[in-house]
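Multiple structures follow.
Next come two complexes built around subunit A: one with subunit B, the other with subunit C.
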Partner chain A sequence: MDQATNSTVLEVVQLTKVFRDFWRRPRVTAVDGLDLSVRRGEIVGLLGPNGSGKSTTIKMLLGLLHPTEGSISILGGRPADVAVRKRIGYLPEDSTLYRYLTPRETLMFYGRLFDLSVAERRQRTAELIEMTGLSAAVDRAVGEFSKGMARRLGLAQALLNAPDLLVLDEPTSGLDPMGCRQVKDLLRALADRGTTILLTSHLLADVEHICDRVVIMYDGRPRAAGTLQNLLETEERMTVNVPTLDAAGTKRLLDLLRKELDCEADVSRASMNLEEFFVSVVKEAKATDASGHGDDSQIAAFLCKVRGG
Partner chain B sequence: MARFRQAVALAGLTALEVLRQPVCLLLFLISITLTALLPFLILHRFGEDGKLVRDSAFALHAVFGIFVAGYAATTALSREMEGGTAAAVLSKPVSRDLFFLAKFVGVVGVVAIFSLCSGLTALLVERVAEKFVMSGGMVGYLSDNQTGGLLLLAILASCLVGAYANYKRQRPFGSITVTTLLAGLVLCILVAGCFDRAGQWAPFASRLNWRLVPVSLLITMALVLMSAFAMALSTVVGTVPTLTVCSAVFMLGLMSDYLFGRHAAESLWARTLYSILPNWQHFWVCDQLNAGGQVAGTYMGLATLYAAVYSAALLCLGVVVFRQRDV
Partner chain C sequence: MMRNRILGIAGLMIRQAVRSRFVFCLFVLMLSLLVGFALTIKGDGTVAGRLQVLLSYARGAVGVVLGIASLWLACGAFSVEIENRRLHLVMVKPVRNVELWIGKWLGIVTVAALMLTVAGLFLMGAGTVALRRTAPDGVDGRTVRQQILVARQRVEAVRAMGEAGEARWELDCPDAVASGASVSTLQYRFVSPLRDQPPIQVHWAAVDANGASLFEADCEAYMDGVNRLDIPAESLPPGERIALVFGMRVNQPDTPHHVTFHPEYPVELYVPTGGFGENLLRTLLLMFCRVALLAALGVTVGTVFTFPVAVFASVAMIMATLVTQFFVFSSACEPGCGHEHHGEETTPQWVEWTGEHLARGVQCVVAPVLHYRVRGRLAGGVAVTWDEVHEAAGVLVFMYGGALCALGCGALRRREIALPV
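For the complex of A and B:
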C-alpha cells in the first residue's frame, strides 16, 4: 500500500457519550471509551446488538451529538467543520427523508446544500434516480415509499457529493436479498476506488462479506476488534477443499487422513450460504431485472465521472 | 454566497413542507372560509356590519395565525429533530446557525402567505358587509353579494384545483390549494376593485378600505414574533409542550396590561413580567380604526421596532441553545 492508501481518515480516542435527563443527571452511558482508527479505502463495520452505541458513535462522528469525553479527528478536521462535512456522505438509520417531497425534489434539495450548480444537480439527480431504480416513482411523495425504496433514495442522497468518507447506519436494513447484495457489491466497488466506508449493522452476514475490519460493541464498549480473518479463524480445526469425490474416493481420503495423520476427519459437501443461493436463483429466473433494482456498475461509473476519474 | 444559497434552499423547503401538511391547509381553509362567511353570519342591522365584520376578521386572522405560526415553527424544528430529518441535513455542509435561521425564515414565509390571504379576505369581506349607500339611484343599506359570492367561489375553486392536480398529476394537494387560493384572492381584489357596491364601474381600488392594511400588517408582526418564540422554544422541548406554552404566552400577553401593567409601578415582579412577556395589545389597533382614525406611521415604526428587537433577542437565544443541542 502507498502512503495515500495508508493515510488515516478517522481517528477516535477514548470517545464517551453520557446522555442526561432533563435535570442534567447522567441517565445512560451510550458509548464508553471507544478507540477507533480507519484508513483510506477501508470498509470498517461497527457491530453490536440494539442499544450497543453504534448509532450514537456515528452521530458523534458527524457532529450531531456532542461527545462527553474524548476526541475525534475526521478527514483531518473536526466533525463540526462545514468543509469536512462536504466530503462525507451519510445514510441515517431510518432513511429520514422529507415525506412530502418527491425523490427528484429531495436530491435537488441536497444538491443545493452541497452548492452544486443547477446543471450538476440536474444531471446527478437524474443519474442517481436511474441507478437506484426509482425512475418509476420519481413523482411520488417519499412518504408513500416502502422501506426499501426509501433506503435506496437515502443511499442516493449519500452518494450525491461523491464522498471521500461514506458513513452508513444499517445500509441494508429494509432491502430485499437482491437489494442487499447490490448494495454490498456497490460498497466493495466504492472501497476499491478509494472511498472509505464506516458502517453499522446487526446483520452479521452483510458485514462478513464486505468489511475489512470490524469492531464489536456491547453496552457502549468495544469488546473485540480486528480483521475478519483474525477474529474468525479457529485454532482447533482445518478445512481441506477438494473436487467432489465418489463414495470410493471419499473412503480412500478418510482412510488416508486417519492412517497417515492419525486424526479424526469427516467429509461433507461444500454448500453456498442462503444469500448466494437466492441470488443465483433470481439471476437465473430473471434475464432482466424487472423489480426496479439499479445497476451498481452504473453507480461506480457515475462516481468515476463526478470525481473526474 | 454559497451560504446564502443554502439558506434559500432550506427556507424554501421549510415553507414547502409546512404548506404541504394537511393540518396547515386545514387551518388556512377554516380561517379563510369563516372570514368569508362573516358578512352572511352577522345579522346586525344598525349600520355597524362593517365594524363587526372587520373586528371578527382580524380576530380570526390573529387566532388562527397563532396556530399557524406555532405549528409551522414546531414542524420546522421540533418535529424535524424528532423525525431525524434535521440530523440528515446537519450532516451536510450546513452550519447549525444557518439551519436555525433559515428555518425561521421559512416559517415567516408561511406566516406571510397566511397573513396575505387573511388580509385580502378582510378587505373583501369588509366590502361585502352591509353599508349605507347613495349612488346609481340607490339609497339605503346594501350588501355586496357579488363580491361575497366571488370570494366563496375562489375558495371552492382552489380546493377543486388542488384536488384535480392531486388526482391527475399526483401533485401535493396542500401547497397547490394554498397557492391557488392566494391567486384567487388577488383576482377577487382586482375584480372587486373595478366596481362599486352597486355594481357600477369605479376608479380602480377606490372602493376598497385600504385603512385595513396597516392593521393586518401589525397582526402579521405579532405572528412573526410568535414564530420566533416558538422556534426558540422548539430548541429545548418537543411539539406538544411548545404549542402549549405558545398558547399560554398568547393568553398572558393579551392580558398583560390588566394582569401586570396596572401593578407595574409598585411591584418589581409585575414590572419584570410586564417587560418580559410580549404584549399583543401593541399589535391590535382595530379600535382606533373603528373610531374613524388611521394607524399613524410613527406607531407602525415603533411596533415594527418592538417586534424586530423582541424577535431578534429570541432568535439569538435559540441559536445559542441550538448550537449545544444534541440532534
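For the complex of A and C:
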C-alpha cells in the first residue's frame, strides 16, 4: 500500500447526485460537485440544515445510492467492494434494527456477516453490550427499546468489526446528555487510535467538541470547509484567560490594557457550558449510585481489546 | 465463510417468521384444514373412499396454503426491509448480493419444509388409522392396501396388431416390484353411448415375448366407467415385455358383439413398486420443489417492487403461467384444425404468426414449471418416482430458481437501496 493510500482514507471528487422522477427527469440535485478528502485518524463533520445533502453523501459513500457524477475512493476501493465493507462501521440516521431480535442476537447476527468466529462474536458482543450500557436489557426485544437504547445498540453494531472508517449519521440523536458525552469521548478515543470518523450532526456543540474538520453544506454544495480553529477564529477580538481576580485586581488589569495597549477591554467570569455542568452533576451522583450506563473505563477496556491499544 | 453468512441470514429469516407469529398462524391454519378435512369428509362411505378424498383434498390444500404463504413471506423478504430501511445495515456489511438472496430464500424454504413435514406426518397418521380400521382381507381393506396406501408404477400399454377377433396391447413391466406386493391392476375403459347396461363377459390374457401364457382371466366389464382387473404380481416378469390380449365372451342375446376402447383413457397397468411412506415422501419433495420455486419468484420480485406490488406481480405471473397453455391453444390455427375464420373479419397474417410464436415461446419457458405435478397420484396410489423428484429439483429449484436468483442479484446490484420508496 502506498503512502497516499495509507494516509487518505476517503477521496471524493465532484460527487453529484440528482434524484429523478419516474420518467427519468431530474427532480432535485441533492449533492452538487462535492470534493472531500479525509485522512486517517481524522474526525470530519458534515454539517448543514435539513435537505442539504449530508445523508445523501453518506449513502453514496456506502454504496446505498449511486452517484450521478463524480468518483468515490474509500479505503482504496469502491463502496461496493466486499473487502472495503469489511473495514467500515455505519450508524444510520434511524437505528433500523430487527425488532424481534434481542441486543445479543442482533450483534451476533451482524458479527456473523463480518465472518467473526463464534468465540470472537461472543466476546465482542458481551464487551459492546457492557460498554453501551445495555446489560440490563440484553434479553429484551429491540422492538421494545427506547430511541436512545436503540441508538446505543446501533453504535455497538457499528463498532463490532473494529472499523477503520466509521460513518455516523447523527450519532448523538436521541441520546441523553450522559450518553452524548460518552459517545463523544468514545469517538475521540477511537480517532486517537487511528480510526477515521465521518459524521453528520445538527448539534453544533457536538461537532465543535469532537471534529477536527468540518464541511458545511447547503443546497447540496459545500459552502465552507476547514479546521474548526480556522473557521471559528475571529480576527477582531482576543480572549485572555487569567485566574479569578478580585475587584481591585480587575480594575488594575483593565487600566493596564487601556493604558499600555490603548484598546477597549472588558472582563467577565468564565463559565462552563450546560453540558459540562450536567456531566459534572451526574458524575457526582454516579459516585454514590451506580446506573446502567457504561463508563469511561469500559470504553477504554473495549478499545484496548479490539484495537490492541 | 460464504456458507456462514448465508446461514446467518437464513437463521434471521426463520427467527423473524417464528417471532412475528407467521409460523404459528401457518401451523394453526394448516392443522385446522387437515383436522377439518379429517372430521368432515365422508367420501363414498367406505374407509377407502374417505381416505382417498382426504389424501387428495389435504394434499391439495396444503400445497395451496404453503404456496401462498411462502410467496407472501418471500415477497416481503426484500421489499419490506428496503421500505423500513433495515436492509441498509445489512447491505453495508461485507455480504454479497447472492449470499443475501440465497439466505433469504433458504430461510423461507426451511419454514416451508417444516410445514410440509407436519402435513406429511398427519397424512401418514391418516393412512395408519385407515389400515387399523380395515381388515386386510375385506373389500375395503384390499382397496386401501392395494390401491391407495401403495406406490404403483403406471405403465401405459401400446396397441399392437392382434389376431382376428382379439385386441392386443404391449407393455414393458417395471424392473422392480415391491416385495410382498400381491397384485397389479389392469385398468381400461370403453367408449359407449349406453348407460346403466348390464356387464359384459370379457377375457384377458397376458403372454410373454415367446407367446407363453402368464395369466388368464374371465371377468365382467362395464360399458361405462372404469374397469379394473387384478393380476397376481408374480405373473408379470419384471423388466420384460409382455402382451395383453383382450377377447369377448358373447353369451347373451342382447350383449354387444364388439366394443371400442376409449382413445383418451389408454389401457394401463398399475404395478406396485413401493410403499405409501416412500411415495408420500417423494410427493412432499415434489411439492417442496414447487414451493421453493414460488419462494424464489417472490424473493426476486421483492427486490424490484414494493411489497403490495410484488405480491400482485407474483400472483399475476403465476396466473399468466397457468393460462399460457390456453393462449397457445387459441393462437394456433392450422389448416383443417377446425378453427378457420369464416367471417369477414381477418387478422393480418403477421400478427397471427407473431402471436402464435410468442405464445409458443412463453410456453417453452413455463411448460417445465407446470410439468411436475402430483395431481391425484398420492390418493390414487400411483408412484411419484425418484427420477421425477430429482428432475424437479434440477429444473424447478436449480435451473429456474437459479435464473430467478441471478435476476434478483442483478436487480439488487442495480437498485439504489436508499432511494425513497
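Here, the second predicted complex is superposed on the first by the 292 of 309 C-alpha atoms of A that agree within 3 Å, B and C clash if a C-alpha of one lies under 4 Å from a C-alpha of the other, contacts with A are read in each partner's own complex, and residues count from 1 in each chain.
In this text, a residue touches a chain if its C-beta (ideal position, glycine included) is under 8 Å from a C-beta of that chain, and two chains touch if they have at least 3 such contacts.
From a predicted model like this one, the values you see are computed outputs, not experimental measurements.
Participant: When the two structures are superposed on subunit A, do subunit B and subunit C clash or fit side by side?
Facilitator: Once both complexes are aligned on subunit A, subunit B and subunit C clash.
Participant: Considering only the touch criterion stated at the top, classify A:115 as touching first (subunit B), second (subunit C), both, or neither.
Facilitator: Both: A:115 reaches subunit B and subunit C.
Participant: Which partner does A:168 contact after superposing on A: first (subunit B), second (subunit C), both, neither?
Facilitator: Neither partner.
Participant: So in the superposed three-chain picture, is A:139 touching just subunit B, just subunit C, both, or none of them (first/second/both/neither)?
Facilitator: First partner only.
Participant: First (subunit B), second (subunit C), both or neither: which does A:183 touch?
Facilitator: Once the two structures are laid over each other on A, A:183 reaches no partner at all.
Participant: Looking at the overlay, what does A:43 touch: subunit B (first), subunit C (second), both, or neither?
Facilitator: It touches nothing on subunit B or subunit C.
Participant: Running through the overlay: 135-143, 153-161 or 297-305 are the candidate stretches of subunit C; which one clashes with subunit B?
Facilitator: So the stretch of subunit C colliding with subunit B after superposition is 297-305.
Participant: Quick check on my understanding: which residues of subunit A belong to both its subunit B contact set and its subunit C contact set?
Facilitator: Shared contact residues on subunit A: 19, 59, 62-66, 82-83, 85-86, 88, 90, 92, 94, 96-98, 100-101, 109-110, 112-115, 141, 157.
Participant: Where on subunit A is subunit C touching in the complex?
Facilitator: On the subunit A side, the touching residues are 19, 59, 62-66, 80, 82-83, 85-86, 88, 90, 92, 94, 96-98, 100-101, 105, 109-110, 112-115, 141, 157.
Participant: Using the touch definition up top, name the residues of subunit C that touch subunit A in the complex.
Facilitator: Per the stated touch rule, the residues are 1, 4-5, 7-9, 11-12, 15-16, 19-20, 84-86, 88-96, 413, 416-419.
Participant: Contact residues on subunit B for subunit A in the complex?
Facilitator: Of all residues in subunit B, those touching subunit A are 2, 5-6, 8-10, 13, 16-17, 20-21, 83-85, 87-95, 169-170, 172, 174, 324, 326-327.
Participant: For subunit A, which residues count as touching subunit B in their complex?
Facilitator: For this pair, the touching residues of subunit A are 19, 59, 62-66, 82-83, 85-86, 88, 90, 92-94, 96-98, 100-101, 109-110, 112-115, 139-141, 157, 167.
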